[in-house]
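Okay, so chain A shows up in both of these, paired with chain B first and chain C after.
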Partner chain A sequence: MATVVKSYEPTFRDKLYIPALFQGLMLTFKHMFKKKVTIQYPDEKHVPPEGYRGLHRLNKYPDGRIRCVACEMCAAACPAHCIHIVPEPSPWEEGKERYPVRFDIDLLRCIFCGFCEMACPEKAIELTEIYDFADYSREGLWIDKAGLLEIYELTKTQNYYTVPNDE
Partner chain B sequence: MDLIGFIIICIKVVVVFAATMLAVMGMIYAERRISAFIQHRLGPNRVGPKGLFQPLADGLKFLMKEDIIPAAVNKPLYLLAPAMLLIPALMTFAVIPFGSSLTLFGRQISLQVADINIGVLYILALTSVGVYGIVLAGWSSNSKYPLLGGLRSSAQLISYELAMGLAIVAIVLMTGSLRLNDIVTSQQGHLFSWYVFKQPVAFLIFLIAVYAETNRLPFDLAEAEQELVGGYHTEYSSMKFAMFFMAEYANMITAAALTVTLFFGGWDIPFVDEAAMGNWGALLSGIAFILKTAFFLFLYIWVRWTFPRFRYDQLMNLGWKVMLPLALLNIFITGGILTIIS
Partner chain C sequence: MPLIKIDDREIEVEKGITVLQAATAEGIEIPYYCYHPALSIVGSCRMCLVEIEGMPKLQVSCNTSIGELPPERKKDGKYDMIVRTQTEIVKRERENVLEFLLLNHPLDCPVCDQAGECFLQDYSYKYGRAHSRFLEEKRVRKNEYLGSNVIINHNRCIMCTRCVRFTREISGTNELFVQARGDNSKISIFEDKSLDNLLAGNVIDICPVGALLSTDYIHKNRFWNLEEKKSICTDCSVGCNILVYSQNNRIFRINARENHSVNGYFICDIGRYGFHRYEDAEKVTSPLIRSDGGFKPISWEGALKEIYEQFSRSKDGEKHQIVGIASPFHTNESLFMFGRLMDNIFKDKSIIGKLPFIEDYEIHFDSGFRISKDRSPNRQGLLDFCLNLEDEILQKVKTGKVRLCYALDDGVDRKLDEEWESFFKSQRFLVVQTYAMTPLAKLAHLILPGPSPMEREGTMTNDQGRIQWLKPSVSLTNKTRPDWEIIMEFMNTVGKRELKYSSVNEVNLEMGERFPSYRGMTFFKIGYQGLPKKNIATSRPSEGGQAGNTVT
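Moving on, here comes the complex of A and B:
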């Protein structure tokens, strides 16, 4: 059933306009003194909440061995086709039989969907909270295995942005 | 005129010009900061202490930009337009008295560049010349959006100049003079001799018309970014664009000063006799004038970030069907009362 919506009939006060104008001015005036929401970026950094999808990392076992088994599930799940893995038989005796010799991610193509993280059977690849990794060149936005492992070291214990002097 | 008098006038011209330019820079800074505050942001705060040098950085940026002259423009008019807008904007300030008179070395120096007896007419004439700059910029750009902006601004001018002129007529009726200094002196004494209290309707009409005259929101149809890309200055770049901006701010400063002069007693401080205090009185009156003008400049910014833009037909309706009859009625009533009193 259709409902009839009555249009708003302006009252006498509305038609005068002046009181409404004053009301509007007072509102913006009040807002002038409210708390500012600006984060002054290079000096203070926004701390992303839990579950933020930023730069990737490759996790390690406590003994320092890489968790990734080069199964290429992540590369298959990746909608942007930006994960490039070169698998090899692992050099160590017991434990996992494969490991990646190369693990490159083209961050310019990555859309940070997090599918790689979800596809991984070994919990080896994860997205971290790091967001400010801009660079001047395309090459600079290819991250390799060493880089990904380094990100793990930077983020394994605490939030990247709450660490003091993270230079 | 003797040599010293000439030199004094030259000094006054330079001082007023410099002060206006400084005020323009202050306005650019204030506009950006206050708009930011209203939106819970901080605004520019990096260049210099509290970002105070931001206008200099802006100016430098404009100077470094490439100055593009599109191929299809009408070159002489295209180059002339920014100057046509900026020069009248700066010239208007010449007749506005910004203080009572100083006495230096036995010479009375009135704090006003030119004390002409048709001050009000001079201002009305010059503000109308200024709009030629906008129309020419729109037309000579040979592009549809600037042209629309220029046309809108001329239509806006015609409808609001009338109401503004008629609002001033009421003041002139009460003063009996077109000299701005006379208008100021007639408002001296106590607070309620200011014309804003004697002529509230004229004040409201004048205030609204002045916003339309200076192309400020809520009447900035000539440069409505969302509809006209950039309005009349779409095709301009570098320093020419900056000149349009400077002209807009200079116009605002003049308009605010004029509002103060006509309705808020100009440099007059209520309950204080400036003339009896000599040079100190002149100085204080100058400060009072600056403070009052600053308030109206703040109001410009405040209004801009509060109200949405008028639609074109609403603008015309307001101008012709509300403000004009109201201004006429106001003159009629003022004239009637004045006749009865005398």
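Moving on, here comes the complex of A and C:
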């Protein structure tokens, strides 16, 4: 059986509208004295917290050699299939016998889940805090081995966004 | 026949076979490393331990043969042997054996080429313990080259000695041996030898772990990226069964496939590494027509129109105006279509010839494995389908009269001698169906792009008369079309037929209709293992050459 819901009958105070208007404005004015949350983006940058999953990087050993052994565990773990690796026997005599000649990540496909980081047995691939890497072309969002190693250089010692902006 | 019981299954087996063979045939899994059906039994890995009732200790199932007991001594009144593979003690012992095998085995699966198809990985996961109790330093040895194509990684070796037995029993070349004893033992090669025999690549296949590696494939790809296709080898007329592994239309490696009627478990290195020839060749991917000393691309319609124009200039009643050069490298289906084109459409105007067969030395191994001296895969098919094959075409044909010469190219292996080169050079219009810029293709006026041996599909008849299905391992690229389809278009254009075969299977059916020895040899019948050709004398199909009731 259908239930009859009585509609709200506005009182006299409601019909005036003025109290409600001031009630709303109170909230607005209250925020004027609170701490501001807006960031003036290009001039100021948000510093993401520890553990933020942004742009990838490929780590190096202190002697400058790439850590990656091209085992393709990251590519196998990747749910978006965005990692493309071409392995080859390494050129150096000692140490790792395998290394990637090509290591490409399609950032448009990447969902930044961090599975690659977890799958990596060599701690070679990591996600950094960098979030603003938009581009005007699809090709620009295809990052290669040289690019990933460059990201490592940018982020290895300090947080990318705490570096004072030169411009 | 002895009756045995494995776990809870009763199996009647042949006398003399081993427990492992009986269990495997029944689908009961017993893990093993050193046992290989083609090699002698050593029982060195101890992985296949099982519990047998009445025996005080666990037994290696690969080396325990099954016999018959006298009736009064039968177990439980009827069994000759009672085997248990899943009891607690068996599981514990497997775990212990694995722990020993893994003592010095490095944890380098991420860089190991065997990872993904490694029995050590699989069995460790299934039967092993999760953690190592070994605290000491692992033994580390350097990688070594055993031959020009084989590398050994001593650290990964589990001393199953499959490779040693292989070189002793199958290739008969005795290059490998086990050096030293105990935990110092390692697979080694005699000083004056190197593992360069023609079967050397098989040791990589039979190695159950990643110890033996191919220089050709090392660190190229991961196993799980590869797509596996069952095909046959086209490098000699034995027609070994192979597995082709590819990714994104690029072939990475070729392994042997088991077929007891042809190659057993192994293939030779010619077939194993031969696929690089097709990669290195300059590919033809679009019809090309000669212009100003070079070639320029042309559409398929344009190419066929060109052929029709040349053909229409031929006069009736004159012999040998059209020369067809058939090739033993093509499938039965395309040779059947080619024979049909020449016999039924060009009729008396045509003559079919062939280039001299490509022959090399014949190789026999003691184990029975052989490499045929005939290095073309389908000589038998050529003889079966091109019935009017002329052997001395160079003498018979006066080049001045020939309007059209249509040659199926043999491919990258074909080298032309002077006599043939001048024959092809003097042709008025030479059409070559090929996949690469071979010496013959370079002489052509018109090149029709066909599939390479790795792209072909159809049946091949080996030198024993066994019909096997050649499956394409990579797909056709660009404007290339299957061989039979090109010949069908040829027939439709020149002979005004209306043939509309949509797949090679339909051509295969039509072929069976006309040639009784090939009747019913469809893929569904012959499967991946092939079937021997029916022993029916081949005669020329009755309707051939008759106007009116010929092909359509």
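Here is the rule we go by: the second predicted complex is superposed on the first by the 137 of 167 C-alpha atoms of A that agree within 3 Å, B and C clash if a C-alpha of one lies under 4 Å from a C-alpha of the other, contacts with A are read in each partner's own complex, and residues count from 1 in each chain.
Keep in mind that, in the parts below, contacts are C-beta pairs under 8 Å (C-beta built on N, C-alpha and C of every residue); 3 or more make two chains touch, one makes a residue touch a chain.
Predicted model, so just to flag it, every value in this text is computed and none were measured.
Enquirer: A:L25 in the overlay: touching chain B, chain C, both, or neither? Say first, second, both or neither.
Expert: Touch partner of A:L25: chain B, not chain C.
Enquirer: After superposition on the shared chain, which partner residues are touched by A:Y8: those of chain B (first), chain C (second), both, or neither?
Expert: Neither partner.
Enquirer: Output check: A:E72 vs chain B and chain C. Expected answer is one of first, second, both, neither. What do you get?
Expert: second
Enquirer: Classify the contacts of A:Y136 with the two partner chains as first (chain B alone), second (chain C alone), both, or neither.
Expert: Once the two structures are laid over each other on A, A:Y136 reaches no partner at all.
Enquirer: On the A-aligned overlay, A:E97 touches which partner chain: chain B = first, chain C = second, or both, or neither?
Expert: The second partner, chain C, only.
Enquirer: If we overlay the two complexes on their shared chain A, which of chain B and chain C does A:V37 touch? Say first, second, both or neither.
Expert: In the superposed model, A:V37 contacts chain B only, not chain C.
Enquirer: Of all the chain A residues, which ones make contact with chain B and with chain C?
Expert: Chain A residues touching both partners: none found.
Enquirer: How about chain B: which of its residues touch chain A in the complex?
Expert: Interface residues on the chain B side: 34, 37-42, 204, 302-303, 305-307.
Enquirer: Help me check something: in the complex, which residues belonging to chain A touch chain B?
Expert: Within the complex, chain A contacts chain B at residues 18, 21, 24-25, 27-29, 31-38, 40.
Enquirer: If you look only at chain A, which of its residues touch chain C in the complex?
Expert: 69-73, 76, 87-89, 96-98, 121-122
Enquirer: Using the touch definition from the top, list the residues of chain C that touch chain A in their complex.
Expert: Those residues of chain C that touch chain A are 110-111, 143, 218-222, 224-225.
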